[in-house]
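Quick heads-up: structures coming right below.
Here chain A shows up in two complexes: once beside chain B, once beside chain C.
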Partner chain A sequence: MDKSQNLKSNSFIELNARERARSILDTGSMRELLGPFDRVTSPWLKEQGIVTQADDGLVVAKGTINGQSAVVLGIEGSFQGGSMGEVSGAKMAGALELAAEDNRKGIPTLAVLLLETGGVRLQEANLGLAAIAEIHAAIADLRQYQPVIGVVAGTVGSFGGMSVAGALCSYMVVTREARYGLNGPQVIEQEAGIEEYDSRDKPFIWSLTGGEQRFATGLADRFVQDDVDSMNAVIRELAKAGVPASLRDQRIDEFLALLDSIDTNVQPNSAQVREIFGKGVKA
Partner chain B sequence: MSDKNTKGAPSQRGRIWFEALSANGKPVAGLPDSVRAADIDLAGKPARVIAVVPDTNNRFPRARNGEVGLLEGWNVARAVRDVVKADENSTEKRALIAVVDVRSQAYGRREEAFGIHQALAAAGAAYANARMKGHPVIALIVGVAMSGGFLAHGYQANRLIAINDPKVLVHAMYQAAAARITLRTVEELEKLAATVPPMAYDIGNYAKLGLLWKLLEVEQADAPTTPDLALVRDTLVAALADILKSPRDLSCRLGSETRAASVKVRKLLREQWA
Partner chain C sequence: MIATKEPSQAPVWDRRRSEKQRRIEKLGKLADGRVIPTNRIVEALETLIAPGDRVVLEGNNQKQADFLSRSLAKVSSAKLHDLHMIMPSVGRSEHLDLFERGIARKLDFSFSGPQSLRIGQLLEDGVLEIGAIHTYIELYSRLFVDLIPNVALVAAYKADRKGNLYTGPSTEDTPAITEAAAFKNGIVIAQVNELVEDESELPRVDIPGSWVDFVVVADKPFFIEPLFTRDPRLIKPVHVLMAMMAIRGIYERHQVQSLNHGLGFNTAAIELLLPTYGEKLGLKGKICKHWTLNPHPTLIPAIESGWVESVHCFGGELGMEEYIRARPDVFFTGSDGSLRSNRAFCQLAGQYAVDMFIGSTLQIDGDGHSSTVTRGRIAGFGGAPNMGHDPHGRRHATPAWLDLLQTDNPLERGKKLVVQMVETYQAGNKPTFVEKLDAIDVAKAAKMPLAPVMIYGDDVTHVLTEEGIAYLYKAQSLDERREMIAAVAGVTPIGMRHDPKKTAEMRTKGLIALPEDLGIQRAEATRSLLAAKSVADLVEWSDGLYNPPAKFRSW
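Our next item is the complex of A and B:
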């Protein structure tokens, strides 16, 4: 990218969750639900001496995309690492439930999830996990009617139960700055040892779980540059595409056949994963 | 198994309860040794029982102790979706019973590289889909229900049933790792867990969250007696009857005082939605 392009480009990643949501919805259509002024905050953080945030780090933005009813659910990665607590989790699950209900009432409504999250907020542990199960249920429901579009732009990335939520989406969009995987590097190192996973070896982690790799191996559907207009265009294209013909999580035989072909006696590197998954998974 | 970390001998509880429930059942073929499934008769109704169990010879070394890894996620998905497909044109939808003793998701390099999050999504989506299609889905927690392992295998059930036992626990992360991530000591976490119910590991505190349908008192959690098995079977049958007269979503988990905020958020969202 040359300098002149750099100046013209409008970074998506530098936007906060609210601004990201606004940049995706049709101009002037955004209406925020349960916003900061409603002050529904986490009931669990205060007693642990942690400062709460008026929106609990989750933006529910209703509006339109291509003129069609849509809800954008934006996780604010700068609050508690984008972790899902009882309130932020209920906001996402509740909004997805209402979107599915709208579809059943004949109002086609789609959803966009902006995933910047480490997963469960450990200070609310079991209520975060329960909320994530409800988010999974709601995605599985809504995606029958309309696309649920997941976006991991960066810089937090998406991990834990929320990477499973991403994997349930009709479409997944990533950028070069995205990291997208189940377990955070520190947790793997803690549980499995540094030989298995060196959490400080950034190039290694990016080579396996970075957005470019996920796209190249067919675990993401679109690879977008960090630019507001490009992101907007891709979301519009996917919204128009409607419900996909097949969902990744339903391609069971295909994935099992690929896993069968792996030599599990050795640790894989980025190129080997591309070779194995590049053939099959990437349709 | 402690709540501190994932070390220690693999738990055989899931296997023991699976085998007890499926003693007269028909095993499902074509699954790896770490995923067991059998078709059983439950008070005259057909049901499929599924468990993820330890397999010391698992091809994936980080999934040998009963963790839900790549093979387990995709194969549980297969065991569930096969039932949905087989019952597609039938009005009576077979019940699915997930026997839960999953010490965690698998933590490893191979798992991340080959998309374990997608494998867990496959299993979770299969259960959710079965539930939405009208199959009664029940999770029977007999051991550990940890994090991604539980999300994949059990947490999409219409009803959650647990046995009341010190080795039964539900959580998002073991204490050693949770301490590292939250920049606290294990002692600090233990102190908080004593007063903040969602942070606790034990099933007693979990029961306070209103997510469980029933908590069962058994005589021998590691070797179920005849009365233990009868109690569990009767409870499963009662759960089936309860599910059949209820909505097939997860709304039955929202009643408790502890989850008041989850209810309030949904109420306000609905008011502001249209």
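Our next item is the complex of A and C:
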């Protein structure tokens, strides 16, 4: 076996939000809007003694994918756990709204959301929640015209209101190291007790919320390896595929019927969840 | 001749042997041959141990005889008290419950990582008396001199009915501890995960049955912790920078061929830079060939790239079993194929047979003395002082050892490299370089005869920080040595003593080296140089043979 291959691997997870955005857009096409030098930072964090980041942890990257206009919105997971505050949330919502505007003006523009986020930024409370609601509305608007592609690569994963955003996306892409769920493991453990949900039991957590499981249960559309070229290829393929025939949130009845059929007296394991969802959800 | 009042008695030369026999006979039918039933271990301990006994309890750095320690903590303190406990590592809460419950009184130990705070408190409360804090080899040595045990409580994976033990990858301290008791009429009791009928069912025999008096099947497998696994994901660019400086400014410069690495992200970064940065410098086959260290998963890429000729281990590391089994040319393995570790021998190897020790610490003072003891915490030494000094009993020469010669005097001897690799500040904004070690006040408060210094300044040959390397072995005077340390101590209290005007002069003289003096651009120090960036990458390098423990998985 040629071990030197191991040195050539090009991890997508290793990249920060800005590098990820650049790796997805056509080479040389990226320009950043409201970048770090514009210094639009959170007005709330510094009052709470927290060092701000010059882009508030959100990269708005305009450019092209397959030569077509695109905007990549990258959440920086290493800043405040990728949490969405007033400014970062407004940047994302605003960029999505402008993309929808462009579509209406006859400039087809798609969007890619790089989700590494625990959800709302608790320090900014309702302002963050309001921003997330605007993001949801903007996704629902934009996806009529062009695909909105969500990506959860790791290592933070995607939780909270931003996973609702993920569910609204035209397509979801995950890696093996991704976790994608509504409540984070520690929150569930706190609410349900460690007996039911041990947040430190990593194989257990991944067996239920990990990328492989989410793909197997039809809650994600593509499962890619942690590699820049593979990720790039999948995004390109989905961009070309255009608007999907059906969207997850238009199949609510189908999901509710599935949930109703589950026996909640037993805690299902990974395989059982796959079986339950395998019955009807896969598009 | 001196007249005696009473008629002279025949001298007795076998008190220990007869006492051992007496206790074993008293146990009677409780044991089935050598096998003590699991549910009667407390009773058995009450019979086989006597008040005031010296008891060695196997609590090692990695594996713990925890069924025996939990059982010992349950004995009646009316029956068993004033025990003198001898423990390589005090790592579990029941180790100290023994003292709180009045079962034990005196403690001789080596390392106490997680229990360091509680030892400090019990000492202050007068519940516990410390004989001494040792290095590992020092403690094993005393088992054969003035701390000869009456009872040894050890742990193994498997035993047969004759007491043959399989300790396998986690042999660690068991041979040293068992030997001291077995050959001086002490009683050896081994807890095992599994009992088999016959020797033929054991993978191999690590401890012969004639050394072991009793075995007991534990209620659950012995506790073992993957202490030496570092997730590459957590290695930061500053670790990469320091690792580049180490490879360039120390390993390459002195041609370090044999070495020990401790746990830590700095040395993990060095291991992961060998197949990339080291390869680029053309150093393969010239440095880092022979290792004494635990089987670090981060060493896998270097092994797979052909850097490593041999590794001898103190202990095992969870998840590395199958990988090691498949690489017997590199690791020490038994006839069954699995790893054989041995802490006593590996410590000796690290003391006498390697060119270099590189380690980290919590505090260094202006003279280069270092300690991991901080206020209220009595952490002990472990093995660092054994390896982190220049052994004067060494007589063989290697290129690195000779490279530290400073004069033409035919009677000058070479020197082992002892490298302290530290960031100038620790987490929580605490300076590493301090005016006065906390160890001095801790010693005073605990009435210890010596301040617990991990590595004495005169043993340190190099200090490496993110600022630069101080080549302390070149110092002509204590003042010069202090200036060299201050020059790389950043903005810590010691670093602030440095006169920047002197920097250029010291760089020219080769007393200190900054990254640029070593041809390293700080901006080059990125994670992209790491041969593996995640635990998943390590698994891939190992062809799937490395099986990381659950807590290191992120998939």
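Things to note:
Everything that follows uses one rule, which is that the second predicted complex is superposed on the first by the 278 of 283 C-alpha atoms of A that agree within 3 Å, B and C clash if a C-alpha of one lies under 4 Å from a C-alpha of the other, contacts with A are read in each partner's own complex, and residues count from 1 in each chain.
We adopt the following convention: a contact is a pair of C-beta atoms (placed from the backbone, for glycine too) under 8 Å apart; a residue touches a chain by one contact, two chains touch by 3 or more.
In this text the structure is predicted, and so the values were computed from the model without any measurement.
When the two structures are aligned on the shared chain, A:Tyr197 is found in touch with chain B, with no touch to chain C.
Here chain B and chain C are compared by how many residues of chain A each touches, and B touches more.
When the shared chain is aligned, no partner comes close enough to touch A:Val243: not chain B, not chain C.
After overlaying the two complexes on the shared chain, residue contacts for A:Gly210 are found with chain C alone; chain B is out of touch.
Under the contact criterion defined above, no residue of chain A touches both chain B in one complex and chain C in the other.
Residues 1, 3, 6-7, 9, 11, 13-14, 154-155, 176-177, 200-203, 206, 210-212, 226 of chain A touch chain C in their complex. Those residues of chain A lying in contact with chain B across their complex are 33-34, 38, 40, 42-44, 47-48, 60, 62, 86-87, 89-91, 94-95, 97-98, 118-120, 122-134, 136-137, 140-141, 144, 160-161, 163-168, 180-184, 186-188, 190-192, 196-197, 208-209, 217, 219, 247-250, 252-253, 255-256, 258-259, 262, 264, 267-268, 270, 273, 276-277. Residues of chain C that touch chain A in their complex: 233, 275-276, 301, 304-305, 527-528, 531-534, 536-537, 540-541, 543, 550-551, 553-555.
Within the complex, the chain B residues that touch chain A are 5-6, 59-62, 70-71, 74-75, 77-78, 81, 104-105, 107-122, 124-126, 128-129, 131-132, 147-148, 150-152, 155-156, 170-174, 176-178, 180-182, 192, 195-200, 206, 209, 211, 249-250, 253, 258-262, 264-266, 268-270, 272-273.
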